[in-house]
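Below, chain A partners chain B and then partners chain C, in two separate complexes.
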Partner chain A sequence: MSHDVVVVGAGLAGLVAGIRLAQAGRDVAVFATGYGGLPLAPGVVDVLGYVEGPVTAPARELPGFLAAHPDHPLARIDSGALAAACRWFLGLVAPLGYQGTMERNLFLPTAVGALRPTALVPETMAAGDLTQGGSVLIVGIQGCRDFYPQLLAANLAAAPSPSGSRIEARAVQVALPGNVGSLRPQLLARRLEQPQVRAELAGLIRSELAHEERVGVPPVLGLENAREVWRDLQAAVGRPLFEIPTIPPSVPGIRLQALLTRSLRRVGGRLVTGASVVGGDGIGGRLASVRVASAAREVEVRADHFVLATGGVATGGIVVERGGGAREVVLGLPTTAVDLQPDPLSEYFSPRAGDRLGLAVDRLLRPVDRQGQPVYANLHAAGAIVGGAVPWREKSGNGISLATGYAAATAILGELN
Partner chain B sequence: MNQLETDVLVIGGGSTGAGVAWDSALRGLHVTLVDRGDLATGTTGRFHGLLHSGGRYVVKDPASARECAAENQHLRRVAADCIEDTGGMFVTTPLDDPGYADQFLAGCAMAGVLCEEVTVAAARRREPRLNPRISRAFLVADASIDAWKAIWACVRGAAARGATVLPYHAVVALEVEAAAVVGATLRDTRTGEERRVHARCTINAAGAWSGQVARLARCHVGVVPGKGVMIAMNHRLVNTVVNRCNLPGDGDILVPIRTVSVIGTTDVPAADPDDIDPTAAEIAAMMAAGEVLVPGFSQGRALRVWAGARPLFPKSAASAAGEVSDTRDVTRSHSVLDHAELDGVGNFLTITGGKFTTFRLMAKDAVDLATDKLGMSGAAIACRTDSELLPGSESGRFYWIGARQEEMEAQGPDDPLLCECELVSTQDVRAAVSRRPHCQLDDLRRSLRVGMGPCQGGFCAFRVAAMLHQDGHYEREAANESLRSFIEERWKGTRLLSWGDQLRQTRLDEWIFQGVLDLEHLPE
Partner chain C sequence: MGEFEVRSSLDHCVKCTVCESACPVAGVTELFPGPKTVGPQAERFRAGGHSPDLSVDLCSGCGVCSRVCPHGVRIAEINSRARAELKREHGVPLRDQILARPGLMGRVARPLAPIFNWALSNSTVRWLGERTLGIHHLAPVPRAAARPFSSWARRHRSLQSDRRVIYFHGCSTEHFEPELGKQVVRILERNGFSVLIPKQDCCGLPLQSNGLFEPSRRYLTRLGRQLSAVDGESLPVIASSTSCGLMLKREGLEILGLRDRRLVGVSERTYDIFEFLAELREREELVTDFSPVRLTVAYHAPCQQQNQVIGKPALDLLAEVPGLRLVEMEQLCCGIAGTYGIKREKYDIAMEVGKPLFADIADCAPDLVACDSETCRWQIAKATGLTVVHPVEVLYRAYGGI
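And now, the complex of A and B:
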């Protein structure tokens, strides 16, 4: 088997690289052990949310931040790549109505009622931006898992917005007829795809609504046709309405994943899941092939270029060994050197030594050895496997995956052309 | 300051104190049980969960072995719901003295510890992960016991008979009048409020802390805290308690309990029972020791590490003078000290030494002496804990690994699970909170095991905190604080295990708590 490009990993970084390369006419195959990490997170694209305090304008903050963190993945790539990637992404995911810019973060409520900065969001969440304050009704649906409107509203109302203006929030819980027991978000999302269920929910919300100018709901506004579900419900309620993301699994994340995998196939890329890449063989400074373990056997897959997007520690791209060593699992690439000995006194919310663990890469995102030389001239890394960031704390996760996935494709296309 | 009147004041809410409370209440005494923290947060909440058959001590400490064997039988009868009848096995590994096995067999016979030798093949059929190079194997009546369940059963039983139970109440002073302890001043560690309790008799059941408590009445108890490190592995690597057939040593016991298996333990003297954090070297030693029992052990996922402080009470004069060099040589038997005789302070007893398996007997001995001192005698005041079944154990049915699944299926789909790892439902949490209106997430963890499974609270901590806020149990600030402190508390047990799949889980939890929920930026 042979392809122009083999991508390892089907999270945001892998899919972005794969789609972009396939759009450019390359023969692309994406191999993944599972389904990728997208369903684990709400599908918003963070670029930079916190430095010392909350970041209101990532585009303004980034140059200084990256100068202070020269090993950050976003510091490794071309300075225009992030903005180009965001523009490209907004076009790609237009069916989900993503909006936002790098000029200004949106401050969306989380499921506990913190205000979380992020850059690009689906249209179903955009009305949740409380940068300028406002008054919101938080509506819980009885039986809907992992959504607790009271604590959410209480925390929201307890602090001013980033602009200093007031946030008013009130919680109600409505009982949708026919809801029995505990409902997983995907199930509720499916139910709301039925027009009469939406109409019932809209009626219940209207009857609770007072002077609130906006309405926040659980992230369950349809799996397949979110746009229709959201527009319908919003029109029937008569106020701007938005989803508030919660813990995994995330329906908005699943929507983004579905759209991206469809996009990949539409432009001719192949996605093979249940296919773990377990090793590779190099010749003369280039990676010639990888070994893919699927159901019954290992297959050698050759390609001109490779993108490694298996993720960081959270998704198993990198494993930390007892005793402190770290291992890149597919090709045994060297990781950034940090002291990984556990700290007996560390506190949970404080920075730790291994936070930035990942691969060191050059300007073309190629993993490099200790001397700074690319391990393989045709192997590029993208996403959370690239070291140097603490995305869960910085709120930079999907922004890094998007930008590095895009930039890895750019590097490959540059060489191919 | 309000004042309580009680017959027996029990200081220390571990297994001994809870046992004393249950025993006293059954004899018709009014008892007040206090602890500076939640119940079972000292040594009792920090052991591996082994209900000894006695086999561990038959050679080195036969008196203790005999007590364990008898108490094992008693507890199986009265506390069935707290016990999983895993059975136990002693195996001779290639690292063990092959001559010990015969001493062990003879010791079991002498001490009345039931023991049956089986072929190595039979042992490995029963526990396929066992080291294939074992040379002998013996079955014994070890079991695993849920310390929290047992303590709370004792305490509920006592409370139903009028006992006053005061967790989070520290004894700040013991009142001594006319050379006798007449009561104590307590401080509620959550509110700072103080109250006095007047007691006819005070029993110091503070275990490894009993020296500190005794000093409040200018009495001396030469207890030596013996630090023991344990690691919970994410799976039941064995379903039978497995012991190395040798003199007691480090990491020679593997106990399957609930959803995990626990390897333990070490034994080194500690200066302060509150300062016993495990070290990286101890963790490495435990992982290596696990490998001897179950090859591949150290490749498994270590879920949580902690240490407990045994209350070791050296009975010989030399060791009582503080010259304990090897705490393994200190007997595991217990002692009841009458401070009237030892220090000239009346109405004040200390029960110390001993071990979880013998807590019922320890309580009996302490309360026997207390009733003696109170001048009570006769059949009406006799100990009944060997026949009275603990609340929850009335059916006589042992706990089994599928018990919660069975309950959950009976409850039906209307009762959403909050903790998938340990199968804790919304109803379970509501019931626990109604029993303990002031409880925190970490208290719920001890009574329900919420947050104790593989995700260590990654999913359930948010759910429970938010649900309890919704129910009005928490104010907003308290919900946030409870959530954050629960996460910090869980982190203490995993931070030294930051490798492999456990680190991967930690990272996923970080993505949830910080990446998705942005917990670190909640308003004050």
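And now, the complex of A and C:
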């Protein structure tokens, strides 16, 4: 098999790179062991959420932050790449009505009622921005699994909003007719695609509403036609209404995953999952092919360019060895890890030596060796495998994946043109 | 990956729920708690083979979970083994014993084809079948062919060539769709291959998926012997049934834990027909003097084809056929999963799983639907009322009916 470009990994970074390259007319194949983390996450794009404290304006904060962290993935790529990637992404996911800018973070309730600073959000969640505080009715649906309205309301009310104003939150539980036992949010989302079910839900919510300005509901507003379900329900309730994510699996994440994989297919890209890439072969400073494990044997897949987007330590792109050291699993590329000896005395959340572990890359996102030279001239890395960031602390994970996936594609297109 | 690796792969499960988000069955019914719950999670309660509950029986075995797991956990395979244990404990109903032996069914039904076909289209007979056996009265069933594929194959004198392949046609081609087998043979011959068709029996997949591992092992080992080297030469084995092809390629080794030397050899040399043709094309050895086929064809790549991890070679190859408008369907599963959707208690689930696919096919308004797997073809044909063919038939037409 041969393609113009082979992408390894089907998380946000791999899909973004694949879609963009296929949009540009390249023959793209994405091979992945499985899906990436999209179906687990709330489907929002954090760009920069925390530096010392919560970040309200990522565009303003980023230059200083990146100057202080020159090895950060966002510092490696072109300074306009992140903004360009965000604009491109908003166009791509327009069917889900994503909105937001890098100028201002929205502060959306998480599954446990903390506030998450995030930049790009689907339309169904946007009204949950509590930057300025406000009063919210949190509506649980009886039987809906993984959604805890009391906990949410109590935690939201316990802390002030970023602007210092109060958040008032009250929890209620409503029961849809015929809904007994425990129901997965995905199944409930399918049921709400039926107009009469959401009319019933709207009636129940209206009867519970008092003076609250806004209404938060579980993320069950349809799988295929979320915008229509959301618009309908909001109109029937008569107040701004928003989804609050659950713990995994996450319906908004599933919607985003479905939209991105469909987008890849529709621009002619191929996605093959269950397809672990187990190695590769280089010739003369270029990666010539990778080996994909099919059901019966390993298959050699050649390409002119490759994108490695297999994720970091958390998703198995990089494995930390017992006793220190780390290895990149597909091609055995050098990582930035030097000393991973655990410090038993450190606090759970305190910084660790391995936090920024990943691949060192050049400005074209090509993994480099210890001398700073690209390992392969035609291999680019994207997403969590790129070292230098602490995404869970910075709230920058999806922003890095989006920007590096986009930038890897730019690098390849630049080289091809 | 062998038996031990399959089970130990569950140590890699981080309970992330990606599999539950993609599982076609969990997506439509609360009765099935999802692949993670009945697999990696329940496995720790299965000491001594005893299963904590019966819900694993609602797994259709489509394998989507294993294919989307980012950590390589063999979820479907673990669940298949757990189902076999469950069946050992609780017994296998007569219905499943019958459905699990399509070769036997075919041998009984085919000589009586007119009666068999009439009976299965008769609503009273079907009603009785549901009441007595538990085969849903609306479930898709194939029509028995008047003559088996093997009787044609015995008479057929294949092209004489140094390039030889073995054709593994499977039970469905033998008893229900012999035309498909003839088309496969002629397409291979058109590309310069001499096609050997040894006597062959069932691969044991339906036995495996119905939890009957012991007879399944015997069947597959026998098939491995039947398809082994000819004249001491290790020839490629070409399969046109994707689920049976996958059984040879991987499932027999992984799920049944077979280590038979001949079977391992055959497994490594087994190709899906389109995988094989695509490799020819890659080497620029494929005959591509296609005639126009002026049709709109909706193509659905079935689960067991996707589980072979070969991409969608039929889609790539047929894209070269002039005049053909080939539309890729985006849904994962039609619901039938072999014998799953035929069963009374699972029929509704299977139809609900297939609903989005049937709707997409209706939207596409095709002249034909193409799908590589036989039970999926029957399910889609029954649900949509359209003609559903193996993509081989589309290619055969492009070769001008040869």
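In this section, the second predicted complex is superposed on the first by the 416 of 417 C-alpha atoms of A that agree within 3 Å, B and C clash if a C-alpha of one lies under 4 Å from a C-alpha of the other, contacts with A are read in each partner's own complex, and residues count from 1 in each chain.
As a working rule, a contact is a pair of C-beta atoms (placed from the backbone, for glycine too) under 8 Å apart; a residue touches a chain by one contact, two chains touch by 3 or more.
As the structure is a prediction and not an experimental result, all values here were calculated from the model.
Colleague: Given the touch rule stated above, what does A:P252 touch, chain B (first), chain C (second), both, or neither?
Modeller: Neither partner.
Colleague: By the touch definition at the top of the document, which applies to A:G34: first (chain B), second (chain C), both, or neither?
Modeller: Only chain C is touched by A:G34; chain B is not.
Colleague: After the superposition on A, what does A:G397 contact: first (chain B), second (chain C), both or neither?
Modeller: first
Colleague: Contact-wise, after the overlay, does A:G181 reach chain B, chain C, both or neither (first, second, both, neither)?
Modeller: both
Colleague: Just chain B (first), just chain C (second), both, or neither: which does A:A154 touch?
Modeller: first
Colleague: Does chain B (first) or chain C (second) touch A:P219, or do both, or does neither?
Modeller: So A:P219 meets neither chain B nor chain C here.
Colleague: Specify the partner with more touching residues on chain A, choosing between chain B and chain C.
Modeller: B
Colleague: So, A:G316: does it touch chain B (first), chain C (second), both, or neither?
Modeller: After superposition on chain A, A:G316 lies in contact with both partners, chain B and chain C.
Colleague: Can you give me the overlap between the chain B contact set and the chain C contact set on chain A?
Modeller: 40, 181-182, 248, 250, 316
Colleague: For the complex, give me every residue of chain B touching chain A.
Modeller: Residue list for chain B touching chain A: 277, 279-280, 287, 298, 412-417, 459, 462-463, 465-467, 469-470, 476, 479-480, 483-484, 487-488, 491, 495-500, 503-504, 507-508, 510-512, 514-524.
Colleague: So in the complex, which bits of chain A are touching chain B?
Modeller: So the residues of chain A in touch with chain B come to 40-42, 50, 54, 110-116, 143, 145-146, 148-152, 154-155, 158-159, 180-182, 245-248, 250, 312-314, 316, 319-324, 340-344, 346-349, 352, 354, 391-393, 395, 397.
Colleague: Chain A touches which residues of chain C in the complex?
Modeller: Residues 16-18, 20-22, 26-30, 34, 66-72, 246, 249-250, 267-271, 278, 282, 306-312, 328, 330 of chain C touch chain A in their complex.
Colleague: Under the stated contact criterion, what part of chain A meets chain C in this complex?
Modeller: 1-2, 29, 32-37, 39-40, 181-184, 186-187, 190, 248-250, 253-254, 257, 262, 265, 270, 272-276, 292-297, 299, 311, 315-316
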